[in-house]
Each structure stands twice: as structure tokens, then as C-alpha cells.
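So, here come the structures, one by one.
What follows is chain A paired twice: with chain B in the first complex and chain C in the second.
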Partner chain A sequence: MLKLLKIFLCIVIILSCAGCFDKKEVDDLAYIVAIGVDKGEVDRLRLTIQYATFKQSGGEGGSIEGESDGTMVVTIDCPSLYTGLDMFSTSTSRRFSMLHTKYFVVSKEMARQGEMDRYINALIRFSEIRRNMFMFVSRGKAGDFISETKPALGDDIIKSIELAMEQPYRTGLIPYVNLGRFNEALKSTTHQPVSALVSTNDFKSLKEARHKPQGQVSGGHHIAGEVPRTGGVKAELLGMAVFDGGKMVDELNGDETRLYMMITGAFRRGFFTIRDPEKPDDIVVLDVRYKRKPTIRVDISGDKPRIEVQVRLEGNIVSTQSKINYESDGLQPILERAFERQTKRQMDSLITKTQQTFKADIFNFGKYVARKFPTVQQWEKYNWLDRYPQAVINTKVDFTIRRSGMMLETAPTQQTEEISE
Partner chain B sequence: MAKPQERLKEIFSRISYKPPKTDKFVLPEKSDEGSTKSETGFDNKRNEYVFDDLWEEGFRSTKKGGIRVKKPVKLDGARNEEAGVGKVQRLTLSSDIYPDITINVNYFEKLFNLPKNQNVVIRRFRLRDGTGAFIIFLEGMIEKRLVDETVIKPLMQLNLALVCPEHMDRMDYVNENVLTADNTKIVRKYKDAVNRIVNGETLLYIDRGNSMLAVNFKGYQKRSVERPVTENVIRGSQEGFTEDLETNITLIRPIIKNKDLIIEIFTLGRTNQGQVAIMYLDGIVNPAIVDEVKRRIQSIDVDFIYGSGVVEELIEDNTFMLFPQVMITERPDRTAPCIMEGKVVVLVNGTPFVMTMPVTFLSLFNTSEDSNNRWYYSTLMRLIRLFGFFTAVFVPGLYVSLVNYHQQSIPAGLLFSIARNREGIPFPTIVEVLLMEVSFELIQEAGIRIPGLIGPTLGIIGALILGQAAVTAKIVSPILIIVVAITGLGSFSISNYELNFSARIIRFFFIALAAIMGFFGIAMGIIIISSLMVSMKSFGVPYLAPNWPRTGSRKSDNIIKKPAWRQEERPEYMQPMDKKRQPDISRGWVKGKPSEGNRE
Partner chain C sequence: MIKEGKIGPYEASGLIIITIITKVFLSSPRALADYVGTASWYTSIISALTAALGFGFIYFLIKRFPGKDLVHILQLALGRLPGGIFSLALGGYLLFNAALISRELIEALKIFQYPLTPPDFILLFLGLGAFFPVYLGLESISRVAGLWFYLIIFGLLSLLLLAIPLYDVSNLFPILGYGIKRSVGHGIVRSSAYGEVVILALLINSLQGHGHFKRIGLYSIAISGALISFSLLCYTMFENYPVLKENTIPILSVAREIVYGRFFTRFEAVYIFVWTLSSAVAIAIYLYSTITIFSKVINVDDYRPLILPFFITYYSISMFIPDFSSLMLLVEWSREYGSLFLFGIPLIGFIFSLVRGIKGGG
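After this line comes the complex of A and B, so read on.
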């Protein structure tokens, strides 16, 4: 036993020589909540970071510029991210830590340059960076987006960011892309990266009515920064950016993002507004979710790869304006087919867009094609990403109405004859 | 010119301090040499009494008795030697009782340091025929009234010379025909006599006999049976052991009414003659365990046995292991099931705690309530106790490692709130944790030692000063108070008091490892502790049985307690002689039918 004790003491002494070196107290660090990268003017990058100040918001703080809601936003022009953090330290007493960084936002300007892979590689390499941090492309300045991201409810910025990240699952209007997935897509031979699109809204769209709906009733045809609204937090998340490798090629609006989500299997649920199939002036609102996960079948026997996409959805009627009883067995299929038709049309045009305009497989069809190849070498030789534009992709949408909500049928509204005429 | 040595001495005396001479008491240093032999021929160290049989005083008293017929008294050395008297006699504790009352009285007086020792009573009296006799006992250890009535009274009315047949030993005659005491024993050696006297028996000697009669009328003060202090249960017996060995045995006996319940008593301790009893159920216990326990107990040679704790340390397998290797309990209803499982119980006179052995780690989490409660209540409580153990061991260590090394594992909101609360606290987390843990240990220790009247103050000190004020004064962060509180609750939920101690010690070990190496250190600690536990054995039974190694009958009473009718087997790791506890169908009514007319 004494011998054991000696051995144990040896272990403790050896380990205590090796240990402790990376010990750090919680309050010795400054936790970066968000990192934003813009094109710099003085130097290569303009780095904006937001870090927690541990101050209770609404307190007597706020005397320092940039501080609000328990966080501080600072901007610097620097040659690289990590140098930038060191340069920040000239004005901050604590060491910056990226252990709790929630999102990384790049301006569209930077993304368009086609050098995303460089920055992503640098981020991935550093051990403190967590790959589950969100990845955004900002249509305006990334720095503006960070400083405009404020908790609309409550005073906890962390909570509001974390909840915002669940938005893809609630609405499907932005894709769920974190740093790890983005990096994976960058390196992948099966698909191309996408990213959530963010922007600050100057509230001018509402007044100027820049994007009048032309035959559109969905509400999701907007894109971040152009939602016709006023009031609330300026920062908004809507739509997605499409990349070809490290270069951003285009933007997709909210509706297209939903379709993207439906095809990739990430869609959870969302409210869809369509035209009434019987009375085109009226609208019908549906609460849509998956019936089953989408199935994708691939045939590469011909010279062009053929892909069959089947999306199966179900939903509830939320609202019908026309007072037609779509709840009844006879009329229900009319609504179902109308929704199917519209979704298929939109889906086809989105796929055509990716094939012809972007030439980028963002749906990860490549994953299913790759299954047809026994070895990686053969698969790589097939060169999917170049063949994608030639692929013949057929879509099939299947929609069933499950429930009609709290109404079995729409009872007619009683009114005087004068008004009904 | 003085010699160099003397000059050195001189110099030394100048520079060294000499205390001034006073009249105060000085404890003289004891020299090992020097005989303790006194002039009277009594060696106190060896209890040896050397005397000449022609010793004047001895004869004078015999003459006075007038009935001494043993030998003619002559001062002629040669003749006396011829007759077998007059030679130097040597009595030690192991010699037979000398057939002379005066010598015996003298010897006992010397042995018990009379008249210095005022606790020993030697009452001399005469039988009706004039034969001298005496009883010797310790004041306060016997029921005096009973001795008077059943020993002295009949003897004083007895004409022994007249009634005792020639061929019969007189002490046997007295024992069989005269005394009305119920528990008597004839002893023939001084050693036995002395042992019985110090154990509270009354010894009778009648002149010219070579034996003494021990009469058991123990009547010393002892505590009555009360509720156990350390092990409380809600549903279950409310009896606790007392300090008295015999009482304790009689508390277990009524639970196991079986003729094969065997009790063996050993006397240990050179100076204090402590009594140690082992108890087991013959026919169920594996004899190898009993032999091993007996072997260990019998080989013990120490000065003083004052309770079960000493015996525990003397017989346990591994003294340096943190975990308890015998189970200590204060409850007869916790002891009895252990006997029924084939364990050996060791009772020591002087403490209200008995030991059962062998022990396994999981069995330490059982309470007597478990068998009284329905099986899912007991199972839940056991799981909670296990959880409490792990809480008590790991929580502060985990906190230290999370806060110092693994900030990414804490949810951001909580992390910021910890950081916010730590603002203004000047110590590193490890100092905070140690400060609070040591204070908590202080509260625990003080809580035991605090005199009852000022007990409530402790709560105020603990709760207000250490909890609230320490946070307000920015000495510790509030979350740490929660950590320490949960740790404390966890450690108190452990049913076994000894295991609670080991959890408290291991906790500090884990705090140290966590402070050095974070989660990696904790993982190392778990590996070290668990490999030690796996290699441990208690009286030949692996400590983590029945799970590691897996043994049979694991399912009947493991972490999950099966219903009473499913516990068909005794634990296999005990290797009991009778493996079956009950038949496969122990509820006969399941097979039978209700009487006619009462069926559905």
C-alpha cells in the first residue's frame, strides 16, 4: 500500500508539472459572442466583434461607446482575424476567447470575392472556435448587422441569438448552416455550400414599396433587408446565399429557401399562403409539415443522370377567405392539388435556377448519386459538380390535408342583404 | 590549562539556556530497570506471590481457626519439608488455587492492591461449623441483595463438615446443594478467578478447597435500549444497540430464533480484558469465513480494546484503503438480515455498534428500511443514495474543472452569470472551493462537538455567516454555495456513516485532480479509485460483487431490490452453505384457490 502511495504521489507530481498551464478563470476571459468580417479600408479586413461585458443591462453602464445590453461591439481594421483580436487587447484588459461565439457573419462583398475558403480554413484550424457557430452572409456591412442585433425581448443577447438560430426549424425561411456544415460543403464533392442571409433593414421598403408583389401572395418572396416592415430590431434573417466553392454566386428568397429545406429534408413546418383555386382573388393559408421525409432516387445509367425527387407533405387548413368548404371531402382534393401544383412549379424553377444560373448542387443530390459508385476514385472521376447542370431532375409533390383546425366547415356569415350585394 | 573537552563544555554552558530551579512538579523519567518486587514477596509486574509456607502470619491465623487439620505445625524445617510444607511456594495467575484461606486472602489482597484499591470487597465469614470462607467482588458491579440472600445466607447456616459426604468435593457439594444462585461456575485457576471478578462476578472460596465458585450476579449500571442515533428509519424497528455486549446479543436473538445461531466470546486486550463476541448462523454461513474471522480475532495481541473501532482496524483486510471493509451498524434489524445472508457479526463490549463482515460496496447503500418498504420505493431510495454518493464525491471537482478548464461546456448564459458573480472576488476558484469545503467540514465537525444548549447557534453561523455574508462580502461566489450545499446533501444521504467519511476524503482528492488537470484529472481519478476498488476484497469477497465480478443471484438484491417473493437466493458471493432462501413459489396462495363462494 505504501508502494502504491508512492506511485500515486509520483503520478500527481508528474501531472501537476504538466497540468494547470491552460487553466483560466471564467472572469479572466472576454467572451466573444459574434464575429463579423468586412472588407477593410485601412487594412485587409475590417473586423467587428461583440463580446459580453458581464454587466447587467439597464444598469449604470453604457458610458463606454458601443456598449449596450450587456455586450460591447467594437470594430478594427486588421490584417487577419487573430491579429485583430490581439489588437483589440490593446484596449481591453482580458484575453478574448471564442469558446462561446454564437455566429460568424461575412459581408456579401467579401463573399463575392470568392475567398471564403481562406477565412473558413483559418477559423476551423483554431481550437477555440466551435464548429456549431452559425454562419451568415450579410447583404450590408457585417459590422452593422452585429451592432443592430439586439434582443427584442428580454435583455439577454445570448438567449435571443440562440433562439434566432432555431428559426430554420420554426419557419424554414433561413437554412440551418453552421461553420462545420459550411466547411464540409466547401470541401465536399457532392454539394456546394449555402449560408443564411442576413441584413439590417432600414425600414424603407415599407414606405417605398420597392418590391410590389406581382402575382405573389406567399410573403416569403422577400429577402433579408427588404422585408416591408417597420419597428423592432433592424437586423433580420431571411433567405440564403448560394456558393460555388468559396465564391458566393447568388441569393435566394424566403420561399426558395423553404423549398430548398423541403428537398434537403430539413424542413419542419411553416405557414404557406396560396391563391384560392376557385376564387383567385382570395387566399388560403395552410400550415404545412412533412408527411414523410423526402425520397430521392437516382439513375445514372444514361448519359445524363436522372434524379427523381418526391416530397410528401401534409398540412392543416388555417384560413380560407372564400367561404368555400374546402374542409369537405369533395373539395379537399382541389386545394391539395392546387398546393401541389404550385409547390412543384416553384420547385422546378428553383432547380432549374440552380442548374442553369448557379451551376451549383446545393441540394446535396450528389450524396445519392455517390451511392451508385463502389469506390471514391470512380466517384471523383465522375465529377458530379460539373455534371449537375446536365442532370434531368423530376419533382413530385404529394400533399394531404389532415385537419381543418377548430372549424369543421365555414358557416356563412349572416349579414343584411344590402351589404352582401 | 583545562582540557579541550572541558573548555567546550564551558563554552556550551555559557551559550545554552538553563532553566531556573523551582519547586514545581516534575514528571521523572521512567527507567525500565529496577524491580517492582516489594518486600512482602509480591511481584506486581508478573503478579507473582512468593512466600514461605512456614510464614508466621499464615499459621497464626490457622491456629486461631482451630479446625485446621492439614499439617502439624512445627518450626523444624527438615520435618516440614518432609511433610510437604515449609518449602517456598510460588503462586502466579496461572497456578492452581492454593488450599489455604489466609494465603488466598493475602494473594487476592495483593493482586487487587488492597487496601489501596477501595473498590474491591473481600467479605470473610464462617460457616456454621466454623470453616472460614470469603467472597470477593467489585463494589457496584454486582446485585448485592441477591448475593446476600443466595450465597451468604445459606452458607452461614450450613454445617458443611456434617453434611458433606467424604468422597465429595466440598465446593461441588455447595454448588449443587446449598446455593440458590442460577448461574455458577467452578474455577480452579487464579487467572479465571480474577477474570471473573473484573467482569463483575462474585467469587466464593471455602477454606481448604482448591477451587472457587463464581456466581454471576452482574448488576452494574448500563444504558437501556434506546432509538439508534446515527441510523434513522421511518418504517422499521426503532431499537438500537447499547454498550453492553449481553444486551446486544439479546437484541439480535429474538429476531433470529434459531438454535444454530452461534455466539462465541473471546477476551482480547492484555490490560483491559475486553470481550469480543462473534455471531453467525451455522448451516448458512460459509465456515471458511468464520474460521478466518476467528483466526484474525484470536491472533490480536493489544493492550486495550475499548470498542468496535479498534477491532475493526485490527481485523480489516486493508488498513490504508479509504472504503469501509466491514459494515458498522447500530441496528439489530440491520444486523439480523446480514446474519441470514451468511455474514459474520462481531460485537464488542463497550460500543453500541456492531460489525458485519464480509461487506460489498453496494450493500453499504442498503438500509433496514429497504426490506420494510415495497420494492420500488426501496429501489428509488437506493438510486438516490447512490446518486448522493456520486454527488458528494464529484460535484465540487466537476465545478472546478468546468470553471477553470472547460468553459465551453457551460451554457453561455450560465457562464456569463458565473463570471458576473465572480467579479470582485479576489481568489481563484480553487481557493474559493477549498475555503467553502473546509468551512463545511468545520460546520459538520462543530455540529457534533457543540454542546446541546448552544446548538442552535451553529445553524445561524452556518447559514447566515458562511452562506450569505461570505457572498455579500465577495469572498465566494453564490453558485459555489449551491455547489457546497448539494455536496453536503449528497454526503448526508449516504446511509453508511463510514462511507460518508470516505466520500468526504475522496472529494478533496478529486478537487485537487480537477484543479490540476480538469476533466482529464477527474477521469484519471476515477480510473485510480475504481481500480483500487476492483482489487479490494473484504474477508475474501470482492468489494464490487455481485456486479464486478459478476456472480450469480445478482438479481435478487442488487441496486434494484426485487420484491420479497422474488428473492429466492442468498447472495452467491458469500458462498453460503444453503443457497436457497425460499422456494421458487413462496406465495402459496398464487397456486391455490379461494374457498368456494368467494370466487369471482
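After this line comes the complex of A and C, so read on.
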């Protein structure tokens, strides 16, 4: 009897290993790489998805509209995200899967409506969605951004997107925000959400100088879609969107994003261009990184909360146009103090902007304030998000030049007197 | 007299620790975060200390009746019929817990992994995984627990440690959560989380003496307390307190966000493996304990013919729960009132034995 039972069980196990109700063959699915949401015309939402076709680009596969570079981009007007996916299936033989979705992009128009929490909650609830999916706000149509997101090098769109997501650590010009962190910030009592800002670049900024820089030398004062360039992929990531709860309230440019990253402890490295302190017509380029993580101290004993922010940075000299020997002991502090002054001024200006213009603690100072309260009830009664604009925030920047690159000294350029004059 | 065989201290501890920590893989961290906010990690330590106190009473009771297991002690202390009824109540609670844990696991699998598979189909395979060790006896269950113990602990700890970059110590504040009174209150009430240590009193004749019983019980509570508290500490650091109560399967949410470079991702595969192994061990020992309690109460020497009827009862209770909300209510009921069964019944036995002056080997 037992022998028969064992044989029966073996058969059951062998058969069940071949698959059951939820079996999914890898090539039965269409893997969505990106999801974009715009305001719909025919229905509530205009949903755009980009999915992998597993075809090599440049072959014969480009005959279907929307197909290029191994992906297909399709757009539909629908009542909700998930119904939209079902509606897409009317023209596709495979079931859509979001197991490998890399980013979610929502248009600025939608973000400004103040309903971000609705979409985020819908995404978080669905088990296929991973919370480390990136979160973007598109200044133009989300669908356009997805259509223009193409690999600049090689064929692999997924790798291209994944590498683009490492940009926050390479340049600091966009923040690192994924769906999970955005959802946490939406519901947090200590801070407000931010998101990376993206757009398509029509390449007109290079010719028209729409935003002519006034005394700016940093290069980071631009915002996604307005970088003066031509050629390459049109999709661009630069700056960040600021939210108050589920509503987008403002945009910050690349420089401001770097300062945000410095204050929050997320900054890793970036090239900074500043005016030469001795010859203001010339510039100095510095390769900057953290010396130590920032220190934030909070005092809530007075009427207004007081916050002391100390950012410690170090860097290398990359370029000095003036040929002044800042590498020397005597001159190095001049450059260090100049960078500290500029960074502090910009930092103070950004903090004032967050307090007075959009009244949102995006730096998560609240988490340091929360440490002063023993219980959740007392903390919630303090109502930090409403108090933030009244807080007195002092910043201190400490910068040290460590190295001067492959040149230890700048020798003077020799030229004839005629040219010098 | 049921021939249960002998098990060593390592296997017995492994069995109890796995059964206790299974809850951390399911929805319990979410419920605790809902009640006590940021204080869940030390609320669990309070629960463990309360459970150690409860275990102390069980130890003194067992010590008064050398060579007797809990069922026989209750019958001696309270009388044959009342003792039998209290024993059956304890057995019923363990069976109910087996059904709840199975259903919780099934619902979690349905939400996360198998949305189209019918729950009864998953339960059939899960139940069969428990059915055979129960058929083969306590030695088999404990050997399996001993074999998987390090694997389960390694799996859990590696997931929690790999997630270190996701943690923010600031999320532990406000440190007292919703207040010390609430934390201590919930800590005491939820001592049932460690109540499985009572199973040792049912298996006393398979252990190697009273000295081992005390040591195994205290080690089990201490180790599982440290593991659960550490898991809750990690989970609290993972997200801000308003979001902690959102996640249906908290530790799975942590595991899903672990990313190392572009290659080392999707660590939840480890989680599901560990999760299923520990649940299978927990369900097997719950079922075994229930069936042997029943056998001892009705004085049947061979418990094996009872496995199928109990398996059907367990299956039916598990399937009787209509939806996830009802399941959560029942799980909460079980956590809040579980101590009455797990520690209350032995305590009644202890008090009666003292009052009536009954002691000895019978």
C-alpha cells in the first residue's frame, strides 16, 4: 500500500513540476521596460508603454509603427493603468508583464494636478511592480520622453536605462528616487517627495539661447529639455521636481539638485566650474566629492526650530584658465574659500527657496527633528511639515583641495610680445 | 503510550525556534508596526521576556511531575475529564494556528507569486509536506528541523544584512513609538508569539531530562527573541513609520528592494525558499502536537490512524476563512488571546497542583 502511495506521489510531483495554474514561459510574455502617464483626451489617462521586442535593431523589424531599437512604444487612452494593459493586449498576442519595468514617468501636467498618490498607490499595490523602479516627472509629454529614450551606444535599451540611472552618482545632476522612496516620502511626516526631472530636447536651445545665462558659469543651471546641445538622443535627465504631498510645486535645476544631494548625504561626485577668485573673467574646474557625510544638528528649544547644516567636501583641481598657481600652499586656501563661499551662498538660497517659495522640507531635516520627540503622538502634534518654513537654518561648507591632477604647477605659456599685447 | 522516540537538544531547539520565527516571514511585523509604530523591535523583547516567565511556570509544573508530559499532568492536577478538556483546548488552538499559518502563507503566495492557482491546490501540497513528517513521527520532524535550522537562519540573516544599504537609523525615531504603556501592553499580550515553547512540555518524554527541558526552552526563547527583534529592527529602519503598516508581507518587501549593482538583484527567491521551509516545519509540529494530544486524551497508543481525519479538519479550517481581511482578524485574535491557551492552561494546571498538593510521578 505504502509502495503504491509513494509511486502515486512521485507521479504527482513529476507532473506538477511541469507547470501549474500560474506557469509562465519566458517567451510568452511581453516585458514592459517603461510606463508613462499623460492626461488622456478620449479617456482619463493616456498610457504609453515601451516593451522589449527582442529583435536586433537595424534589421527588418522596423516595419511596425512605434518599433525601433529592439523595443516597441505604444500609447492608448484608458480609464486606469491596469485596464490600459488589458486594452493593449487587444493588439498583442502576449501578456504584458511588469516584472522588468525600469521606470515610471508621469507628465508635469499630471503631477501638477496633485493626484500623484493615486498612481503611486496603484503601482505599489501590484505585486509585479518592483519598488526599485525609477520615478521621473517629464516636463513635456511622458509618451514623448519614452519614445525618445533610445540607446546611444549598442542595442540594449535595458542596459542603457540602467546606466542612465547611475547618473546621480556620477554627476549629482539628478536625484536618485525610486518608487519605494517616493511612496515613503508621500506618506512621511518628516519630509516631502522629490523626483528626477526628464524631458525631450528639441535642440533649439543651442541656437536660440532661450535662457541666456547671466553670470552663470556652472553649466548645471539648466533644466531637462533646455540643455544647449545638438545631436545624440533627445531624451534628457536633469534637475528635479519638488512635491508637496501628491502635488508637484516646483522644479530645481542641475546646480540646485547637486546642493540638495550634498545636504541629504546622497552626493558622490561632480565637476564644478567656478569663477577664478583672482581673475573673475576666467574659470576654475574642480572635481568635488564628500570628505565626510554632512552633519545636521537640531535645536527645538526656542520658538523656532534651529538647524545647523555642515557639509564637508574635498576635491581636486581639474583646470585653471588663469594659470595662477593655486596648487601652491599660499594660494590653495584662496580657491578653497572661494568655493566654500559660492556653495554656501547657493545652499542658503536653495534652502530659502524651499522655505518661502514651495514650503516643503525636501532635505528630510524632519528626521533629525523627530529624534527630539519620545512618542509618535508628540511628534505628530509638533506638525513639522507646517513648521518647516519658520525654521532658522544655518549652513557651513568646508572644502579642502587634496590634489591637483597630473600637473603640480602651471608653467607660463611662452609667446611673442605682439600676441601678448 | 505513544512511542515518540528521542530527540537531542539541538534538534528540539531548532524545531521550536523555527516554529516561532515563522511568524516573522508573514504579516506579523506589519501588525506590530500598526500597534506600536517604531517600538516594535523592543516590544518583541518584552514579549520574549513575558514568554520566559510563562515558561518558568511550565518548568515548575513539569518538575513537580517527573516523567509525565503536559497532557498527563493536566489530567492528574485537574482531574481526568477537566484535564482532558483543557488539553483538547490547547490542541485545538495549535490546530487552529496551523490552519492560520497555512492560510497566511497561501494568501501571501497568491498575492505575490501564484495569483491564478486555487488556494486549496497550494494547501494540498503544503499539507502533504507536513502530512508525511507527521506520519513518520517526531524524530523525522525534528531531524528535518535540525537539518534546515542553519539554512533558515542563514537565509533570514543574509537577507536582513544584505539590505543594510536600505536602512536609515532615523526611522527608529520617535523611539517610544505610540508610548511606552502601549508598547509594554502589547508586548505582554503578544507573548503568544513565543508560546510554541509549550510544545516542549508535550514532548518532555522525548527530551533528555528536565535539565535539558529548561535549557532548550530558555535558549529557544532567547534565540528566537533575538532573531525576531533583529528582523523587526531592520524592518523599522527600512521605512518611515507611516509606511511600515502598508506592507502585506513586510520582510518580503525588504528582500525585493535589495540590489547590488545591475546583476545581484531579486533576492526574494532566497526569501521564498526560507519562508516555505520554515512554514512546513511549523505546520508539521503543530499538527503532530495536536494529534498526539488527542491520542493521549482518548488513550490511543497509535496516533497514525488519526492523521487523515485531523488533516481533513486542518484543511477545512484553513479553507473556511473567506478572505484576507477575515484571516487578518483571526490572526490578530490568535496573537492576542493565544497566551491564554499556551501559557494560561499550564498555569491553571500549576495552580491546581499546588492547591491540591498533587505532585510526583503519579
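Brief remarks follow.
Just so it is clear, the second predicted complex is superposed on the first by the 402 of 421 C-alpha atoms of A that agree within 3 Å, B and C clash if a C-alpha of one lies under 4 Å from a C-alpha of the other, contacts with A are read in each partner's own complex, and residues count from 1 in each chain.
Simple rule for what comes next: a residue touches a chain if its C-beta (ideal position, glycine included) is under 8 Å from a C-beta of that chain, and two chains touch if they have at least 3 such contacts.
Worth saying up front: this structure is predicted, and the values here are computed from it rather than measured.
Contacts of A:8 after superposition: chain B is touched, whereas chain C is not reached.
Residue contacts after overlaying the shared chain place A:368 against chain C, while chain B stays out of touching range.
Judged by the touch definition given at the top, the superposed model places A:31 against chain B, while chain C stays out of reach.
Of the two partner chains placed by the overlay, chain B and chain C both lie in contact with A:22. In the superposition on chain A, A:54 makes contact with chain B only, not with chain C.
By the touch criterion stated above, A:42 is placed in contact with neither chain B nor chain C.
Legend: residue contacts after superposition of the two complexes on their common chain; A:130 is shown touching both chain B and chain C. Taken together, the two complexes place residues 16, 20, 22, 130, 159, 162 of chain A in contact with chain B and also with chain C. Interface residues of chain A facing chain B in the complex, by the touch rule stated above, are 1-2, 4-5, 8, 11-12, 15-16, 18-20, 22-27, 29, 31, 33, 52, 54-56, 70, 97, 99-100, 102, 128, 130, 156, 158-159, 162. Chain A makes touch with chain C in their complex at residues 9, 16, 20-22, 124, 127, 130-132, 159, 162, 180, 183-184, 187-190, 364, 367-368, 370-371, 373-379. Interface of chain B with chain A (complex): residues 318-321, 403-405, 407-408, 412-413, 415-416, 418-420, 422-423, 428-429, 512, 515-518, 521, 524, 528, 532. For chain C in complex with chain A, the touching residues are 37-38, 111-118, 121, 125, 128, 168, 170-171, 173-179, 239-243, 246, 253, 256-257, 259, 262, 265.
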